[in-house]
Every structure is written in structure tokens, then in C-alpha cells.
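Read from first to last, the chains carry the letters A, B, C and D; within each, the first residue is number 1.
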């Protein structure tokens, strides 16, 4: 049975705005932070050296729907799932909640790319080991 | 003939990341910055006092598709249109390009709300004058 | 014997820049985040209601010296001390290190202010209880 | 007669916080943005290729004093001077004001470094041409 990866993030004062709530753009930073924690949890890292290549995961799409405001010092629970594992792409889903209250739902699609200094990024197949290990979060 | 609102933003060094490109979350800050410039261009402001009420425009949805990387000191051209003007909501579209190269396409949906200190935000109809003036950017 | 408050922060990808290191301005956000954690540890909060007043702690000065770069996913240890507790002001010191390597040293001076909606902030004496509890971190 | 480099920055909504004012850490981003505009004004760039070397300017120190709050959509005037041009280091001063009202005063010290992928940064002498051209802003 696949289960989301679960983590929490406290809403920082510097992520609020003059409307008194967490700024909408900061949710994308919290999504990425949770995504990277998931990747570390399977023993990998963003900007990983694999077989002598530096891999990175630039985004091709990101989205968020906001259901209720997040306030400074709220402790947001974030559930991260994969909705699709492609040959070169990863499709994440993020559910933000606070003690049962639904706060936001987000998506990020990233593509596995080979980085070389001074060169454009080139998309490459995901390492098999990454795909296998991420399978546990595929819903 | 409706025409998008056009502005430019230089990609700041602090908006790049270690992959050497503009961070995907920063596009949402640039979208908001361009949206607010559009609102100022019709003589209004975010967090406006209208008829003794403070109005604000929290977001209910935001999305971005990334077509090609933006680099530090690129001067991004941003075309902002409204794809729908609802009774209480505004649906924006943003096209980022750099000298003809398509960089990103984004959307933001915001809702007109009345703010009172210590109270939850309450959605209210858009002022008629705002709706009328925004019509020039409706595609 | 006063002892610093100790916490850790992982360097987030979005806080790096194209030079491949944590951006210098992000250290100020990490300092504030650690300062607020210290304040929560003594049972208070920034933007606290005390005796019917909303208190906040705007900054009058901030500084940082950078000794060695912080990289993405470094786990920074942050030691927070108070170097002075004034009648209305708090003087913090922050030591960032990574496994014994000195990374940065920062200072923030904040002033206790009463906030009222639509009014300028007015500095007020620190609540006695806050001063007493912060004494444990005074070096 | 040396004269500061003068530019302006509008305070963006996303740089405000729940206290209703521009966040103290954002001043450092605005300083850097103005510094880079100054560097472009003399025909150079951060992350410049000079004689086949990539040069960058990491910071060794940064500081800011806050005199009065900056509000959303304030247009801050920023005067940038050099207080010292060393062999390898640049010492900047920033004066933020708004229609005569003093808002903040900042300093940044940066060091000219050679960047090579995968190598630690090495400090190197400033190119003579950069030193000469920056002389016009030395107070």
C-alpha cells in the first residue's frame, strides 16, 4: 500500500505578508523543501552525482490551490505523493493541512536533467534506483 | 481591441539558484509584481481603501509552466491579460518572454476580499470601477 | 551559567544562488527564524498579545560577517545569545557553524513596540517576564 | 567630485510582512540589486568573464540600520557609494530614503573571487579597469 511521505513546516514570519497571512508564492518554496526531504529520505539528493554525471531536477510546471490561510507559526503538515513516475519526469502532489483544516494543494512536475558547467541542461532518463525507491510514494 | 498590459523585469541575482537559473518559485513573485503594476496603472492599489473598506486580493489558485530557463540579468518581458473578470474574482494570465524566446506562462486567480483587523477575510463584489477599467485587458 | 539557545537549520535549495552557495541575505531570515524559536522556547511569541496590547519586535539594526560558504543541504548549527537586554531593546548574537567549521556571525537589535492597526508603531518597555526569561541566554 | 550612483526601487508586496512593513532582510536584496545595477552602469556584470576567468563577488560582511519603516509601494531612492576600493575588496554604502525621509543605511563588503566549477572560490585582485571606473563613486 503506497503511503505519502509526511513532514511538517512551521510558517516563518518572513513568509507572511502585510495581509497577515503566508504569502502565496512561499508555498512553492515549502513544496520544494518537502520534495527534497523526500528525496533525501531515499538516500539521494538534488544535484546528485550519479555515474559521474551531475543530475538536477528543473521544473516544467507548478501549481497551487489555496483553501484557507496559513498564519505565522502555524505548523503545516505536508503529505507528498507521486501521481506519476515517467521515464524522465516526476509528478508530485502536496497536501498542506493544519490539524485537519485543509490549507492548500499543490503540484510540481520536474524533469531529470544532466548538468554540465556552461552547457544547456539535457533531459535524461531517471536512474532506475530512484524510480524504484520513489514507487513507495506513488498513489 | 483588448491588449495585454506590458512591463519588464530584470532577473535579479538573488532569484537564481545553484542550478544557475531563476528559481521556479520566484516567477510567482514576478507575476504578482506585474499584476500590482497593472492595478496601479488603472489608478488603484492592492490593499485599497474603497468606501471606508480595506480591500485585498488573496489568491485562490496560481500556476506556472516553464518553457526555457531565465538567467541572471535577463530582461523578461511580461504580458498580463485578464482571461475572466468575475463578480468577485479576477483571472490573470502572464506570458514571460525574452527577445522572442518564450520563457514561462502563468495564471493567478484572486478574490476581492474585505479586510478587518482581527477578523477573517470576507469575499465581496469587485468595485464596478475596477471591473470597468480592467476590461481593457480582458482577452 | 548562561548558555546560548541552540538550534539547527538545513540550507534549502531555494536559498542558494548561481554562485552555488547560500545567498548572503538568507542568513538574516535564518537568524530571525532561530530568534523566534528562542522566543517560543520561553513561552512567548512574536506578535504577542500582552495585557491587551499587540507587541511586535521591529529591527533597528542587523549585521552579518561571512567566514565560509554554506552549501545546499548543509545542516547549520545556530547558537543564539543575548548580548544586552535593554529597557525596550534586545541585542542578539548568532553563531553559525557546520561540524566545527565557522560559517557566519550575526547580530540583530530589535525594539519592543506596541502595534495598533493604522497607527505608527510605538516603542514600549519589554514585559518584565520576557526580560527575566531571556536572562538565561544573556552572555 | 565623486557622486553616488542613484536608483530607485518600489517596495513589493511580497517583501512586506505581517507587521505591515518591508521585512528587514529584504533590504539586503534591494542593496544587492542596486549594487549590480551600478556594476552594469560601468559596463561590467557580476559573474563576469574577464581574461578567460569567471569572476564573482561573494560578501564577507553586510549590515543595515533601520531608521523608519518602508511600506508597500513606497518608491525608495537608493544612493550607492564606495567607501573603500581595496586591492581585492569593495566596500559599499547604501542610503535608502523616501521623499527626504531617511529609511535605512546599509553596508556591504564584497571580495573579488575567481570561480571554477567544483573548486573553492579563490580571492584575486580586482581588474584595474573595474577599480578605475568605480572610482567615480568613491566618497
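In the analysis below, a contact is a pair of C-beta atoms (placed from the backbone, for glycine too) under 8 Å apart; a residue touches a chain by one contact, two chains touch by 3 or more.
In this text, all values refer to a predicted model and were calculated from it rather than measured experimentally.
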Taking contacts as defined above, which has more of them, A-D or A-C? A-C
Using only the C-alpha atoms, find the rotation that maps chain C onto chain D and quote its angle between 0 and 180 degrees, to the nearest 5. 180
Inter-centroid spacing, chain D versus chain C (mean Cα positions, whole Å): 24
Between chain A and chain C, what is the gap in Å from one C-alpha centre to the other? 28
Whole-Å distance, chain A centre to chain D centre, using C-alpha means? 32
Two or more other chains in contact with one residue: find those residues in chain D. 13-14, 18, 21, 25, 29, 32, 47, 72
Of all residues in chain A, which touch chain B in the complex? 18-19, 21, 24-26, 28-29, 32, 47, 56, 58-66, 69, 115, 121
Mind listing the chain C positions that touch chain A in their complex? 12-14, 29, 32-33, 36, 40, 45-47, 72-73
Which of the residues in chain D come into contact with chain A in the complex? 13-14, 16-18, 20-21, 23, 25, 72, 117
